[in-house]
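Chain IDs A, B, C and D follow the sequence of writing; residue 1 opens each chain.
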């Protein structure tokens, strides 16, 4: 019968009168983003960064600029470089997260904020000072160790660098001491028991970064 | 009948008896065809009931600095097989190849694209206009010497 | 010429053979634009006057006019690439751009005052964008959505991509992201609202420049 | 006795609200009737193939996202399959299943867009489109859970997927699969039997099968013309040889059939995802490949998938370097447009937009 299908269609739209609205009232009410969400910002832990520039080399667009100089402390004893410039060009970044994937030291994370509208193109880069000072809400993208602890980046507590590493800070310190002591004296407190396994979840996509 | 890939040798055998002087050589999974014979070969590939390549998947061109390869990927739905035909063009200037537009209409836009981006002209194609870039664009960007 | 064509009064030959001259003219325009647009345009800034002489009436009128403008920005339907889908998603049920009075996406630039450049701008498309921008009535604003429009983004350095839409038209707000999620676009829209609120429409000496914004170089 | 009128050549696009992106047509009209068509491409030509030659094999994944931006996962899949052919490796089982799940969810999202905009072009003024977007948003939420992005996902990597799905993904996927049949049947009730849709689309712009095959048309457009050909069946990749599904096929090849085939494929995709969820087992999701891949020189690969628009393939040639020597993209959207002239000539202006909608092109893929 002519018109029957249209009535059927109108019934469908009528049903929506009683439904709960699907709309999110954005500025007041926010969508819950998922912990892996790759936002339009970065979280960087300077303490862990060695200035190796793996991220810059692996960036498909080459937008990470890193300038380092040898630190005054003895570099041949395994000490790291001092970073002078760590600029990420926000205006060209496509937030693919390959830099995070490439970082072997868990120093670079995707951030979880996205409100980055700017009036001018000139200021559209993330400088080293901004990275140092910004609140650290890292995304769990490519960092399975955060996911396995049930961490949620939107709980508003910034994470300290000691909490986000793949291995505990203790282990890191011991390894550094080991490196420093390789040429010289004893190696007493580098016991294997304190080493925590690298990568805690079954997914563990971390293999690519170090190989 | 499972879908299978025809080897270059099998294709070359069929082609050699039907279209004389068309086969240059057979390679593991593809057959190299004399560039000037490509349209006639295509006609045979499509119409031969044993080969029955009605469907042209893609035309690709690869720049090897001193030569250009044009690759035809073909499929037969009835015979459930696929095959690869290649033609090698030497030199870099004023390259041309007979068009397979009359055999497979699907070659229409693909040949225009190869002309636009690689600079290989297809003789017999009715509409050799640039497709992706604008008229007056200098050069063919997918060539290795285009920077 | 077939009898059918003769009857219809069509010129001989297929259509694509008769449009070569159009293609050449278009190609020349594209090439010309590509050769001349090597530097970004100056950014439309809002000048805050040194002498805040504006009296009460003027500022109130300004506030009213600006409130009117910001509460009913009508964007032109203009999607270029991936970002267009996030722009459409912004207009759909979940994010509902109608809450900002912007649900009327106009198909004609004459009826719109906001242009959201959503996607990669190629040189071939650039003259069209420029023309649509010119067709929009003053005052008009431009949001560059996503990094492709802002700077070429993932396609920066490609032979056919404009390195930033600000080479061809002035841009008011840049929204980074690839593509920005709808919330991020809404944030950009709210930033544009803030910008519109600062306009001095009746201040003596102020003038509109193409781009619908007050001249930065105005003394 | 027909009346002699002046034909007029009209330019449609590149900025036109219903050409699905920046597509341009030059059309000669006689009154309302289309006499000649010339499609003009290239307004979104971004040089993807050239850029792929200067990025390494993993970095190219980010470029493939942006080809057909409504089906990024499937583009990733085609490219990763091609790279795996070059390297002669195969991803682990769990990786295969995750890829299949992601690709089929993406197919649902992409077909919903195709259907929604097709109906929008018919003049339904947004209502079905809103329904389609509602379902699509839920899929995008699932993607955000998987990989942190909604559209440009970059989830798949050569040798698997970049990471396992998080724990809360599976209950969310279950919820989505439970809701989906209801939402689809709502959409079907709303529109599938609607008289206006029928009258406007049945018998309009028919594409005969021999012409479709000769013009290299693939995907739902080919299936609507009457050939049940699906690369997922013919050349099963990833986990498609372990799941059961039907290939919907129609006979007339008109606008309605193309739309109908897409509607049916939504159900089949949901069916595949359900089977994958049942079959998937714990295990590794990614091969231990180096971050910078170097296939052997002289190798070539033709990685092919059945994408939402048709046969999507990457033809890769390796010279032993870290980036592809040549990366040719066989894009279904472009090649499906070979039949534009046949589909449009002889029909009316109002049908033109609908026909373009039923072919379901995506300019990111047409121009690349």
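Convention: a contact is a pair of C-beta atoms (placed from the backbone, for glycine too) under 8 Å apart; a residue touches a chain by one contact, two chains touch by 3 or more.
This is a predicted model, so every value here is computed, not measured.
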Comparison of C-D and B-C (more C-beta pairs in contact): C-D
Whole-Å separation of chain centres (CA-atom averages), chain B against chain C: 43
Gap in Å, rounded to a whole number, between the CA centres of chain D and chain C: 29
Mean-CA-position distance for chain D and chain B (Å): 25
Chain A-chain B separation of Cα centroids, rounded to whole Å: 47
Multi-chain contact sites of chain A, meaning residues that touch two or more partners: 22, 60, 94-96
Two or more partner chains touched - positions in chain C: 14, 16, 93-94, 124, 154, 159-160, 178, 181
Chain D: positions in contact with at least two other chains: 42, 45, 47, 50, 62-63, 134, 137, 152
Chain-chain contacts as defined at top: A-C, A-D, B-C, B-D, C-D
Interface residues, chain D side, partner chain C - complex: 2, 4-7, 9, 14-15, 17, 21-22, 26, 28, 30, 35-38, 42-48, 50-51, 62-63, 66, 69-70, 113, 129-130, 133-134, 136-137, 150-152, 363-364
Of all residues in chain D, those that touch chain A in their complex: 55, 58-59, 62-63, 127, 134, 137, 141, 144-149, 152, 154, 157, 162-164, 166, 186, 189-191, 193-196, 282, 284-286, 288-291
Residue ranges of chain C in contact with chain A within the complex: 40, 43, 45, 93-96, 99, 147, 150-154, 156, 164, 166, 171-178, 180-184, 186-188, 190-191, 195
Touching residues on chain B, where the partner in the complex is chain C: 126-127, 129-130, 132-137, 141, 146
Residues of chain A defined as touching chain D within the complex: 2-3, 5-6, 8-9, 11-13, 15, 22, 33-38, 58, 60, 94-98, 101-102, 110, 139, 141-142, 144, 147, 201-203, 205, 207-209, 211
